[in-house]
Each structure stands twice: as C-alpha cells, then as structure tokens.
Amino acid sequence: MTAASNSQAGLSTAGKIILPLIAIIVVVSVAGTILWVTGVGVSLAEWTLDTGKANIEILRFVAAATGVLLFTIPAAFVIIYMELKIIAQMNLRVGPDRTGPWGALASLMAGLKVLSKEDYTPRGVDVPVFTLAPAVTFLASVLTLLVIPFAPGMIGYEMELGLIYFFAAGSLGVIGLMMAGWSSFNKYSLLGGLRAAAAVISYELPLILGTFGVVLLAGTLNLGQIVENQAGGIWNWYAWQQPLALGIFFIAATAEAGRTPFDYTEADSELVAGFATEYSGMRFGFFFFAEYVNVFILSALTVTLFLGGYHGILDVDPFLSAIGVETPVELSNLDPGSLGPWLLAIPFLVPPILTLAIAALLWMIKTGWGFIKSLLVGFLLANLLVGAIVSIWALLSFEALMGIVWFMGKSFALVGLFVMMRGAYPRVRIDQMMNFAWKWLMPAALLNIFVTAGAIIIVTEYLS
Amino acid sequence: MRRTTDRRSLQHLDERLGDHLVVPAEAMGDTIELVIAPASVPAVMRALREDGDLRYELLADICGVDTGLTMQVVYHLWSPLSPDWVRVIADGLSRDDPRVPSITFLWPGAEWGEREAYDMFGIEFEGNRDLRRIYMPPDYLAFPLRKDFALADDASRGPGEGIRHMETPLPPGEVRANPVIRTSAGAGAVLGPDGELLALGAGSIALPEAPDAAEERA
Amino acid sequence: MTSDREQVRSLDDPEIMVQTPATIYDAIPPLTPRTEREAEFYQLEDGEMFLNLGPQHPSTHGVLRVVMKIDGERIVDVDPVLGYLHRGVEKICEYGDWHHAISNTDPLEYAASMFSEALPVLAAEQLLDLEVPRRADYIRVLAWELNRISSHALFIGWLALDLGGLTPILYGFAERDEIVEMLAALTGQKLLFNYMRIGGVNGDLNHEFLSRLGDWMSRAGEHINGQAKLMNENEIFVNRTKGLGVLDRETALGLGMSGPPLRATGVPYDVRRAHPYSVYPELEFDIPTRSDGDSYARYLLHIEEIKQSLRIIDQVLHKMPDGPVMAKLPRLLRIPPNRAFAAIESPRGQYGVYAVSDGSDQPFRFRIHDPSFFNLQAVGSLSEGQVLADIMAIMASLDPIMGGIDK
Amino acid sequence: MRTDRIPGLAIIKGMAFAVRQVFRPNLTVRYPEVVNDISPRHRGRLILLYDEAGSLKCETCFQCAQACPVECIDMGGADTRNRYHVHWGAAEQYAERREESALRRSGRPVPDRTFDAFERIDLAPLDEILAAEGHRPRRALAILEQTQGAYGHLPVAALQHIAHQTGAGYSELYGIATSYPHLHFEPAVGHIVRVCRCTGCTLLGGGRVLAAFREHLGTDVGGVSPDGAVRLGTTDCGGSSSGSPYVEVDGEALPKSSAEDAATIAAALRANVPQGEMA
C-alpha cells in the first residue's frame, strides 16, 4: 500500500522547509550582485522611484488599506477579550484566566483554534457563494476604517465624501450575511439571512438620518474636517448640540452591528446560530471577527461625529505654554541644555525609580511573585515603557500621540458600553424591533434634522 | 392516611350515577372509587363534570392498566368542593381489542394521555382526533406496558420470585416458550396454556367482572 | 398477542442504513398519515414550510422535537414529537421492588428530584396505610421547599436565557448551587438526592447541613432578587413576555394543566392545599394566583412562590419535633393488594402516581403523572399565529422538563 | 395602535445593577488550585478497593451490577485465562439483549429479536479468525480486515458475532468498520478504484483524474458504475504521491496516472481485463 517515495519525500519536514529557502536566498543574492555590478540595478531602482512618485496616491491608498486591515486584527482580539472579561464580571464569574496573565491571550487562543479547525463545506451547499460570504462581510466592515481620522495626521484616506463612503462600504456587510444565509442548505440560516436583510435596511435609514444633524452643523462630509470643528474643550463637541441625534445614532448602531438587544441575525436561542449555522473553522472566524470589528467601527464613528474624535477633553496648549513648553512640541526645538544639572539625573535616576515603582506594584497586587521576580519583571516593563514613549514621541509630534490616546480611549469606552449591554439585556423580538425603528427612530431623526436646519437658519439670518 | 371525611359526596355520587355503577361507590382512604363499564364512560364523565354540586372539573390523571385478565382505563378527578380524589375505573375491556370512548370532547388535554395509553397498551379511544404513538417510533409493533410483553433481558426479572434461581442455558436459537405472566389474579393463580384464567390465586386484586364481560367470557 | 415479526424493518435497523444511501435530494417519503390530525398537519399551502425545532436545539429544555409549519416567521401549526428520552421507567419499575422504584423515578424531574423520588414513597405509605414519624415529615417538607426554591431559580434563569439575557441564568445557578450544596451535606448527592425512603428519610439532620442552612437563611433569595431587579420592569423583557401565550381558565382546566401555568389563570389549585398531605395542613402559607395567565404572570408567580417557600422553611425550622426519622419496616417489603393515587405539588405542578400492588414485593402497575407532560400540550394551541421567537418564550414560561415528560 | 413605550428608566436601572455586580467578589471556585470541601456524607465517589496485598478486591462477580436499581453499572472483566470475555451492560430499551454471564459461567446469549432479520452466515471461518486473534478487542481492526478477506465484505451478523465473542460493543465495531475506506459492508463488486484527494495530489491534478473517472464510470464517489463492475472511492495517499496523483485499483497503486489514462483504466476495468494489461 505504501507508494514509492522519491528523494524529496525522504527529507524530514524541517528539511522540506529549509531546502527551498536556501535555494531562494542563493538565487536572490547572486541576481542582486550581478544587477548591482552591471549598473542595471541602479537604473531599475530609479525607475521604480519615479513611477512611485508619479502615482503616490495609489501607493498611499494601498498602504493605508493594508495598515487598516492589519490594525483590525489586534483590535478585534482586544474587543473579544473585553467582552469575555466584562460579561464574566457582570455574571459574578472570573472569566478566562488560564492563558496568559489574567487570561489576556484567551482571544488569541480562540483565533488560533478557529484557524486550526477544518472549514467543512456541507453537501448541497452553493459552494462559490458559501465560500465568498465571509470575505464580503469581513472586507465590507474593515474597509470602512479607511476614512476614520485616528490622529491629526493619521487618516487612512482623506476623502471629501468620507461619511458617504463609510455608509456605502458598511452596508455591503449585509449582502455577505444574506449570501451566507441563502447559500448554506439550512432553513435556520435562511431565516437568519432574511432577518438580516429586513432589519438592517430598516435601521440603516435612522443611522444615516441621525448623522444629518452633524453634517448640517459641520457643513462638510469630510470626517477629518468634522473632527477639526470640534477642537477645543469638551463643550464644543457635537454631542451637546445634537443630543437626540446621538441617541438615535447609538441605538441604530447597536442594531447595525447586530448586538443585543437587537441580536436578531445570530439569535442563538432561536435560530441556533443564525446565518453562521453551517460555518466552521476560519470561515466562521471571519464572521466572528467581522461582528467585533463592526462594533469597533461604529463606536469609532460615534466618537468621530459626536464626541470630538481625537480631541481631548481640555485643550492642553494653554497650560503647556504656561509652564514654558511652547506647542506643538517638536523634538527638534526641545533644547536639552536648558535642563542644566538635571540633564545628568535623567539617565541615572529615571530607570531605577521606574523599575522600583513597577516592581512594588507587581509585588503588592498579590500576584504571588517573590520580590526578586517582580523586580526583574518590573525592570523589563520599565524599559519597555520608556522605549515606547520615547519612540512614539520621536516618530510623531506631541499632539499626534495625545490624539491616538484620546481616540482609542473614547472608542474602547463605547465598545465597553456595547459589551455591557450584551451582558444585561434580553433580546427584542424582530417585529417589535422593526416597529420601533419605523415608528420611533425615523420620526425622531427627521424631527432632529428639521430642528437643526431651522436653528441654523435662525442663527445665520437673524442673529449674526 | 386520611379517611374520607365527607360522606355527603359519597351518597350523592351513588344516587346520581347509580345505574352506571357496576359496584356501589366505595371510599378507599382519601379516594372515592367508581367502577363503570366502558360504554358508560362519556355519560359518567359528563355528569361528574357538569353537575352543579359535583363539579369535578380538574382531570388529575388518565391512564391504562393491564390486569393480565382485562384492560382498564382509570381516570382521577378533583373538584374544588371536596379535597378527595374520585377514581373512575372503566373495567372489562377485552385484551385482544380494548376499546373505550374518548373523553377529549370534555377535556381536550386528555388527548396526549390517551395517546400514551394507546402507545403503551393498544387501547383504542374512539373519538380521539390524533390517536398515534407518542413515545415509541412510529413503526414499533409491540405495546410495551402490556403484561405479556416480557422484557427479553433476563436480568430485569425482578427479585420478586424469591431467590434468583440459576438460569438453565437454552440451546441456541431457542426462545423461552411461555414467559412468566404476572396477573392481578394473585400469585399461584392457575392459567391456561394461552394465559386465560382458570382459578384465582391468594390475594388476588382481580376486580369483580363487569356484567357484560362475564357473559362474553361464558 | 404481539404480531410475529415478518420482514418489517425498524427504522434504526443498521441494515437499512447500509443498503440504501439516501442522497441529499430525494426526500424520504413521509409516513402515510395515520390520523385525521396528522393528515391535516402534513398539508402544505403555498409559502409554508416545515421547520424542525429539532431534538437537538439550544432552547428545548431537553430532547424535544417540535415540527413547526411556518409561513415566513409566523407559525401556522405546531406538532410536538416526544419519545426521544423515553426510558420505559414505568415498565422497569414493575420489574424492580418498591425500593428500586425510588431510584428509578429519581431522574424523572431532574431539576427538582426531591419531588420525583417522593412519589413511590408516598404511594407505598398510602398503600400500606403507614404512619410516618413526624420528624421525618418535617424534614421532608424542609427538603421539598429548598428544592422548590432552587428549581424556581433555574426557571427564571432559563426564561431569561431563552429571551437572550446572559446574566440572570448565572444568578439562578449561583442561588441553586448554594441550596444544592446544602442538600448535598444532608443527603450526600447534588442533583439526584435519593434521600427519601419508604417510611421516612435516609438520614437525620446533621450539623454541617444546619450550619450552612443557618448562614444561607440570612441572605436567602439574594441572587433571585438580583434576577428580579434585572428583569421585572425591564421594558425589553416585559414587552417580550406580557400578553404572550395568554391562557384563560377554561382552556387551562380543559388541558389538564396544573402548577404555576394553571394558577396564573386564577385557579387556586395547589395540591398542598387542595389535597393536603404530609404536615402541610399545620403550616400556614398562601397560594399566590394571578388572573391574566400570560408568560409575564407565570414569571411573577414563580417569584412569589419563592417567598412562600421561605415562609414555610422558617415555620418548619421552628416547629421541628425530635424523634426517629424512619418507621419500622420489614426487610422484604410485600404490600398487600391495594390501589392508591398519591400526588405532590412539584415546582411544575401536580406530580402524581397511581400505584397498584398485588401482594408481591414488585409494583403491579406504577403509573406516573407528570405535570409538564400536560402543560406542554398548551404549546400547540398557544403558538398559532405567533412569531418564531415567541415559541421559545412560551415554552420557557411553561417550564417543561423532558426527563419527566418522556418518562 | 400598540405603541412601544420608549425604553425608560428601568433599562438604565437594570444596567446600573449589572455594572454594580462587577465590583462584587466572584463566586467561581478555581478548581485545580482551590478544591471545594466535600461533605462527609458525600455518596458520589465510585472507588475500586484494593486489599492489603495491593491487588484489586473486585473479582467481577457482577453482584453490584445486578443489584443496581437503575442499572447504571457497566462492567467488563477478564477471567483467569486473561481473555476479555465477560461483560455486563445496562439493558437498553424494552427488547434489547444483554449477555447473561453471571458468576463467570459462559451462558448462552439470550436470542435477540432485533438481529433476527439478517441472513444467517456460516460462522466457522470467523471463529478461526477470532481464535487466531485470541478474542482480544484491541485486535478489532485486524479481525475486521481478515473477516472481509474471508467473506468478501463485512456482514452485519459477523459484526454481531465478533461483538459477542470479544466483548467489544457492536457500535464500537461499527464505528471502526465505517471509518476505514477499505472496509465495506456491501457485498464485493468487481473492482474498486480509489483516487487520493489530499492537497498534494489535488495540486498535481487529482481533481481532473477524479472528474475523468466520474465521467467514464458514470457514477459519483462512493457509487457503483451502472453495469455494477467498478466502484469509485477515495483514499488518502499519506503524502507519498510523488509527481502524479495517487490512484489505486483494488489495493495496488498505479504509477504515473493522469486524466487521459483514467479513461483507459475505466474502460479496461469495465471489460474486466485483469490488472496486468493496463497501461
């Protein structure tokens, strides 16, 4: 029964991997030296640079898209971990605490497990549509991140019609759900898919109408510009000028993301697993990630539109200038000489103090580690911390660093709110939900637009 | 055990249903027992339910019983007027083709109870809209709770027959000819070859035979 | 009498599976409808389809299959199929002696097994006309009421879980675990206690049980109040359950229902008061009833019943007499020929047994009347015209336990 | 018109209550580190006792299994000649069989009605195989392969006899038989062609070869060709497909097979030409 094995099969598995690698390295290095010696390589490099400069826009878009795609994976892991931990605490449980410190790697392990599982295609399934559905859902929800301004300089792609692009890309996700529901040969997923179609459309309208108030106030659809208009302290965020719109937008966002109490597509106590019943392995992983990335994106958009994007609660500049640090803090104009004798202190005093502080912290919070061990870990963490701060500071100007911190803080706070709602509330019936959307959210959104428009006319015409 | 306190409902039942009763109503501890013929089940049950001062409106239980000689259907009722149960035993159903009128026209809830009795004993309830098997698979042939359905597994033979005597091994392919059938005719009853009763044993609980069942047997 | 076995193959006959591989597309021909109801049910108008709320489904409280005829999301007709958990307990009880019946009926209503194991005990005592020592009776009532609270806590949790709430089920289990650990100290087991004996109970109260009971009594029902706070006025929960599966007095009595679903329609039928047994006549507690008979009323009823059970436990602890816990009984118990119907008020309704003895030490007929068997019939009539999601709420509010239904 | 009230205070109160629970101590007992104390009256522990000489006190007399009221004890034991032969399991529902082997006496099996329907087979060759394998359930796969060799396929009656003799459960043997492609229940049919579908072979063109076989044999995987001569199946080459998809006819591998000569192989098999002449 054993087939004849040829030479390549005789190698051990490690051999099978390393042999081709060595071959590639040899070929590349030989070709490189030849090209460089004959001068062809240099002109080749120049040519690529010129074409690159010529269409920088495309390169920038591709870089932004991959950056966004790569960012969503850790974000999804963090959100999954938050959900596991917060709902556990609400249930008086401990939640995951075996993998990594306090179970931090639980979501990573879940990802690896989903990767290693076989993604089985049941018989009778419409194979092409079945395999494409998770990709459509995941990409639709990931690409919407391109237009969200993370920090003053950092925006995936500055679009004039950022908000419209956002809703266009976002609503593609529902097509993925319907493809999944329709193609898997299973009545439960069919019902899940149909529910997705019916409910998302009836909640897309209040979602979009909810943002009209902000657009009228900001006068532009460019998300970067909207955030700029909310600069300054907390009082000129749009949330205060559009409270009703914030409420409508948040409720419609929970329905859009399919989160409890509007958990209709994947209602596990009714439709087994909704549209994802027949999926397993990484295909199910994509749906799972898409749901959590959706949660992050919708909270990010709420923060961008209503809660002042990357602006902090208080405008830091006046205080900084008061204590002699003129803003924006450029690394170049920070003159170390002005510190005088303290300059010597920094390299000698800061690391030990930081290490002792972290070590004491670790030792006190009953992690059961001995003092020496916590000292070691403290030293390691101290270095990491210092390194991180300095490198970020060096890379970006001061307010970009603060921008990211504020934006991420607010977004993950809202994600925490979504997660807590999942822990505390039961599920709303599908017809009550639709009834609520058409009879309450839609009129409220229209009223809000009417009032805002009226207010703007009055302000511009009569008061100024 | 509580003695039946209210004599009143005992007399009332006696003279209200006198003609249907095979045996005069008897108070057994906290229950009043009425034994009736299967044909008079609808009349008796309607009387018990709709009569103004009886008002036995809650159907506590409906079940089939196979006494080895006859089939019975036993109904238990409760009325807010008196704390005691009333047990109505429709006795004298033949074991080959047990038939009794259904009471789903009074209590729709009896439908599943009757389906279970049909599934376990084969009792046909005429008038039940949905008389099919409830527990066993639809193509199951036997009626498991009948006395002649002996479990093929010998370990389940109860310790009741005294010390477990050694089983003499049967030659292969042999099936035990006449599995021990326990009847309510009491231990030591004399049974004919195909299970019909020749003589009652000591401590028999076999009920006095219903009048029509007696002629039918004679 | 059983027809001999000609070549009719049972469906679970391995030979069938081997020879006829069913391809995915040719539907297995349905069995010819045998009754009028089945013929009427298996008729599909246009736009309707059958959906199996299959034996394996997250919210069927055990192995129950409900064949639903649905038109879009609206349910047209429902036909529950039972028998997936049928172990033939009544037949097996007839082949074991009276003491075996206790272990056999234990796993029937497994969420409250103190009640299901009390059936053969009360039946045998009624057949023998046996006087149980008063201390044993008081201990039984104590054990029953504790088990009732733990079962109601689970009910509230399951109802919330079927409606999508994740937290109440954990509070329910927290409360249940405290009670069940206490009962484990008394009886030795956590789920199937096997504590009742014919003539009394297995063991007297011990120190560990009393100390745990003492410190639990101080914060009794704390998690259940947590559940109530989370769900009582919550608009989402109220909208999902109020006005859902409304039962009126006549249909409930007609269906032979008992327990909370019947009391929610206003009928004050509780076996502890209707047909008093054990020492309940000496304890004063009242039977909460509601009148609007919908799922929300059934839910509130369970919470009030927990308060009543706490009242009973207080009284039992104060009036607990001392003395033996087991009556004198012969080793090989042969019960003279007799008939008795013993009923008990379990958390799901009137749990009764019709026992017939024939002089040997084995029960001659051991009929078990399970309340959820009759309560589940209401699902058929209640779910016409409802949305698919509502049948979960209706079934959860009827609190069926498949172990008892399928016997 | 039933208007839903705008979700008001109660929802926020519910959320506040749930958030307050976050700060209360958790109730979970971290099992391996913290073991819950078991009450002295605990009856949940099933322990097989050892005597002072260190050998097991239990001598598989089945008294406990017989006495258990709910028949939940499933025991198997070896007799002095160390053959795994006596077994006591719970009776299944109503009419199922159970081997009567109390007090280690080799009792006759109670005739079991569910298996009456199968055609009787001559058990002699099967008994030789079982004797050769020493009735050991661990050798189940070898026994099944030799039985298939002796009878051409695995009759259900043979499976039941093996289950009875070796004490391994019928369902266990059924599981083993169905999980190997080369064991099959259907009576032998002319030839069996198997194509490997692992990733390696598919990349090397296995899909085209299988398509060709499907089209020429006129049947799908697992089926038999219309004239009943050839059965098409799949197998797994275990990574040894060197250069060309792994095709196996009646057990022997075909070197260098491709889509074209799949047609010739199919035709040859249908004409029942012995393997030698094939390309």
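Per-chain numbering from 1; labels A, B, C and D assigned in written order.
Definition applied: a residue touches a chain if its C-beta (ideal position, glycine included) is under 8 Å from a C-beta of that chain, and two chains touch if they have at least 3 such contacts.
Here the structure is a predicted model, which is why all the values come from computation and not from measurement.
Q: Looking only at C-beta pair counts, which chain-chain interface has the most contacts?
A: Going pair by pair, the biggest contact count turns up for B-C.
Q: When you average C-alpha coordinates per chain, which one falls nearest the overall C-alpha average? Tell me, please.
A: C
Q: Report the inter-centroid distance (CA atoms only) between subunit C and subunit D in whole Å.
A: A distance of 36 Å separates the two centres.
Q: Measuring from the mean C-alpha position of subunit A to the mean C-alpha position of subunit B, what distance in angstrom results?
A: Chain centroid spacing, subunit A to subunit B, equals 70 Å.
Q: So the centre of each chain is just the mean of its C-alpha atoms; given that, what is the distance between subunit B and subunit D in Å?
A: Here subunit B and subunit D have centroids separated by 45 Å.
Q: Find every residue in subunit B that makes contact with two or more other chains and list them.
A: Within subunit B, the residues that touch at least two other chains are 142, 144, 149, 151, 156.
Q: Would you please write down the residue numbers of subunit D that are in contact with two or more other chains?
A: Answer for subunit D, listing residues that touch two or more other chains: 4, 11, 14, 17-18, 21, 27, 71, 94, 113.
Q: Residue numbers in subunit C touching 2 or more other chains?
A: 5, 10, 86, 88, 91-92, 96, 167, 174, 230-231, 234, 236, 239
Q: Going by the contact rule at the top, pick out the subunit B residues touching subunit C in the complex.
A: Within the complex, subunit B contacts subunit C at residues 1-2, 28-31, 33, 57-63, 65-67, 74, 76, 78, 80, 83-85, 87, 95-96, 106-113, 120, 129-146, 148-149, 151, 156-160, 182, 184, 186-187, 202-205.
Q: Mind listing the subunit C positions that touch subunit B in their complex?
A: Touch residues, subunit C against subunit B: 1-3, 5, 8, 10-12, 31, 34-38, 82-83, 86, 88, 90-92, 94-97, 125-126, 129, 251, 253-258, 267, 269, 274-276, 336-341, 343, 350, 352, 354, 356-362, 364-365, 367, 369, 373-374, 377, 406-407.
Q: Which part of subunit A faces subunit C closely enough to touch in the complex?
A: Contact set of subunit A toward subunit C: 87, 90-93, 123-124, 185, 187-188, 191, 195, 260-261, 263, 267-272, 422-432.
Q: Applying the document's contact rule, which stretches of subunit D touch subunit A when the two form their complex?
A: My answer: residues 3-4, 6, 11, 14-15, 17-19, 21-22, 24-28, 30, 237-243, 246, 248, 251, 253, 255.
Q: Can you list the residues on subunit A that touch subunit D in the complex?
A: The contact residues of subunit A facing subunit D are 1-6, 8-9, 86, 88-94, 97, 420-421, 423-425, 432, 435-436, 439-440.
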